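Input: structures, listed below.
Each of the next two complexes has chain A plus one other chain: chain B in the first, chain C in the second.
On to the complex of A and B.
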């Protein structure tokens, strides 16, 4: 699977969040593609879409919406006959949104400072996904990056990698993704002591996977029961 | 009351809807202001906002959203300290949206071709109005203009004038608006026969206003009773 990150930010250079993500995205099978003020090359953009199976829109939520450059990109690149309609060649994609904001997520609800939920505000992109027959993934919301601790930022890197590269959703898919990451690290390492430690962790996770999966189901069932 | 229409369309010259609206908007107390590809003059735009009490965004719904130029306008013009936040000088406005689309309105609902309602898709603008303390009016939706009959287009002109200039909402406000329009026409006409006819219509409406208002309330009550 190949992932295309389409990055749109009116002040990219001043954005700590975007700089952080650029320095921490997984290089393998992931293409970082920033939209700049230059003329959009439609053929190039369409070729990029063709070459990737997962498409990510990454942007800050200014005025409850995507940036102007990304709106223009939609008008120019997602043309009838290419992306949808008779003779369309693009086909289905997985679609994700990495959205950042300065307010806490809790303000995005009825009665909160921003009044509407992030799901409500991103509806135009959900409608786009619906029209294009792209599968809409739960957005990765990055709120108040500037206040995050080092630990929270490390956690964000993990979530980001997962969002960009994990195949499937749910607990099992997550476990498989963790194991694959550990296996890669083991291969890449040339320190036998580190390798041994990572192998131990991996063996532990693999040994516990069945048990953890069962535990996960049980917790879900308890939660469901509590809600009724 | 003064109304500012901010028109945004990526292909204005090719839009029959926009051309029609431009040729049919009421000149009195209404400013037609089209955003073009030229650099946005922030000071000029802010002065325009200051000088009007009702602000209208007029655009086609491409990709379920407003055009890029209008998004850029938001970022540049609606600045902290001017439109919102500490020291903001702009103050409250009435806010309306005139939105056009090629699909029938009925397709904008769950199960319809477009899946989501126009209310859902315009949520980012509703959120903007909420943040700015602007009063959000029910949008004027223009669907499939190219298929409208002459009669429907005349009706649209009436609705458009009303949307731009009517004070208040509801039946009484509508009646008052009709009467004011007739009075203006009577004053403007130099044909005594036309004047006499208009005066007759006006007198008829005015004589019936109390009765019509009462009738309107009764119908509303019957409807409410039917719904319960």
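On to the complex of A and C.
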């Protein structure tokens, strides 16, 4: 699976959040594509969409919406006959949003300072995904990055990696993702001691996963028997 | 938490401390959180299984 991150930020160089994400995104199978002031090359943008399975819009929330450049990109790139409508060549995609904001996320709810929820404010993008037959994922919301502790930033990096590359959602998907990451690290490591440790960790995590699956199965079986 | 799981967490912590990059550190920290969740779920599910096996309604 390949992921395309479309980054839209008018002051990219001054954004600590965007700089942080750029420095820490997973390089393998992920394309970082920043929209700049230069004219949008429609053919190139459409080819990028064709070449990726998961499309991410990454932007700061400006006046409860996306920055103008991303809005312009939508108009120019997501055309009838390409993205939707008769003869559309762009197939189904997975679609995610990485949205950052300066206010606490708790204010985005009825009665909060911002009054409306993130889900409500992002409705136009949800409608876009619906129109294009793109599967809409729960957005990754980054609120008040500047106040995050190192621990929170470390957590954010892994949330971001999973958001970009994990297949499926839920704990089973998360376990599978970590196992796949460990396997990649085993292959990539040139330190035999580290490699040995990673192998031991992977084996124990897989044993835990198998045990959990078996326990679920047994509990479900007893529960079914009790209810019939 | 049994010895096997404590050993696993210790091993992950060793690699976390040896990590040179921010991403590596984040990875091992996330891995530790995931393993802790596995352990919690193993304990909860084992508890539920025991409870259901020893259900008095099924006695006699």
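Please note the rule applied: the second predicted complex is superposed on the first by the 209 of 228 C-alpha atoms of A that agree within 3 Å, B and C clash if a C-alpha of one lies under 4 Å from a C-alpha of the other, contacts with A are read in each partner's own complex, and residues count from 1 in each chain.
Basically, a contact is a pair of C-beta atoms (placed from the backbone, for glycine too) under 8 Å apart; a residue touches a chain by one contact, two chains touch by 3 or more.
Worth saying up front: this structure is predicted, and the values here are computed from it rather than measured.
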* In the overlay, answer first, second, both or neither for which of chain B and chain C A:116 touches. => first
* Thinking of the overlay built on chain A, is A:72 touched by chain B (first), by chain C (second), by both, or by neither? -> first
* Classify the contacts of A:190 with the two partner chains as first (chain B alone), second (chain C alone), both, or neither. => neither
* Comparing chain C with chain B, which touches more residues belonging to chain A? -> C
* Asked: So, does A:14 touch the first partner chain B, the second partner chain C, both, or neither?
  -> neither
* Report for A:224: first if it touches chain B alone, second if chain C alone, otherwise both or neither. => neither
* To do: Go through the superposed model and pick first if A:175 touches only chain B, second if only chain C, both, or neither.
  => second
* Look at A:155 in the shared chain and tell me whether it touches chain B only, chain C only, both, or neither; answer first, second, both or neither. => second
* Asked: Between chain B (first) and chain C (second), which, if any, makes contact with A:130: first, second, both or neither?
  -> first
* **Residues of chain A that lie at the interface with chain B and also at the interface with chain C** => none
* Enumerate the contact residues on chain A facing chain C in the complex. => 23-24, 26, 151, 154-155, 157-158, 161, 171, 174-175, 178, 181-182, 185, 194, 197-198, 200-201, 204-205, 208-209, 211-212, 215-216, 218-219, 222-223, 226
* Asked: chain A touches which residues of chain C in the complex?
  -> 4-5, 7-8, 11-12, 14-15, 18, 22-23, 25-27, 29-31, 34-35, 37-39, 41-42, 45-46, 48-49, 52-53, 55, 57-58
* Residues on chain B engaged by chain A in the complex (per definition of touch) -> 10, 62-69, 71-72, 74-75, 78, 114-116, 120-121, 123-128, 130-131
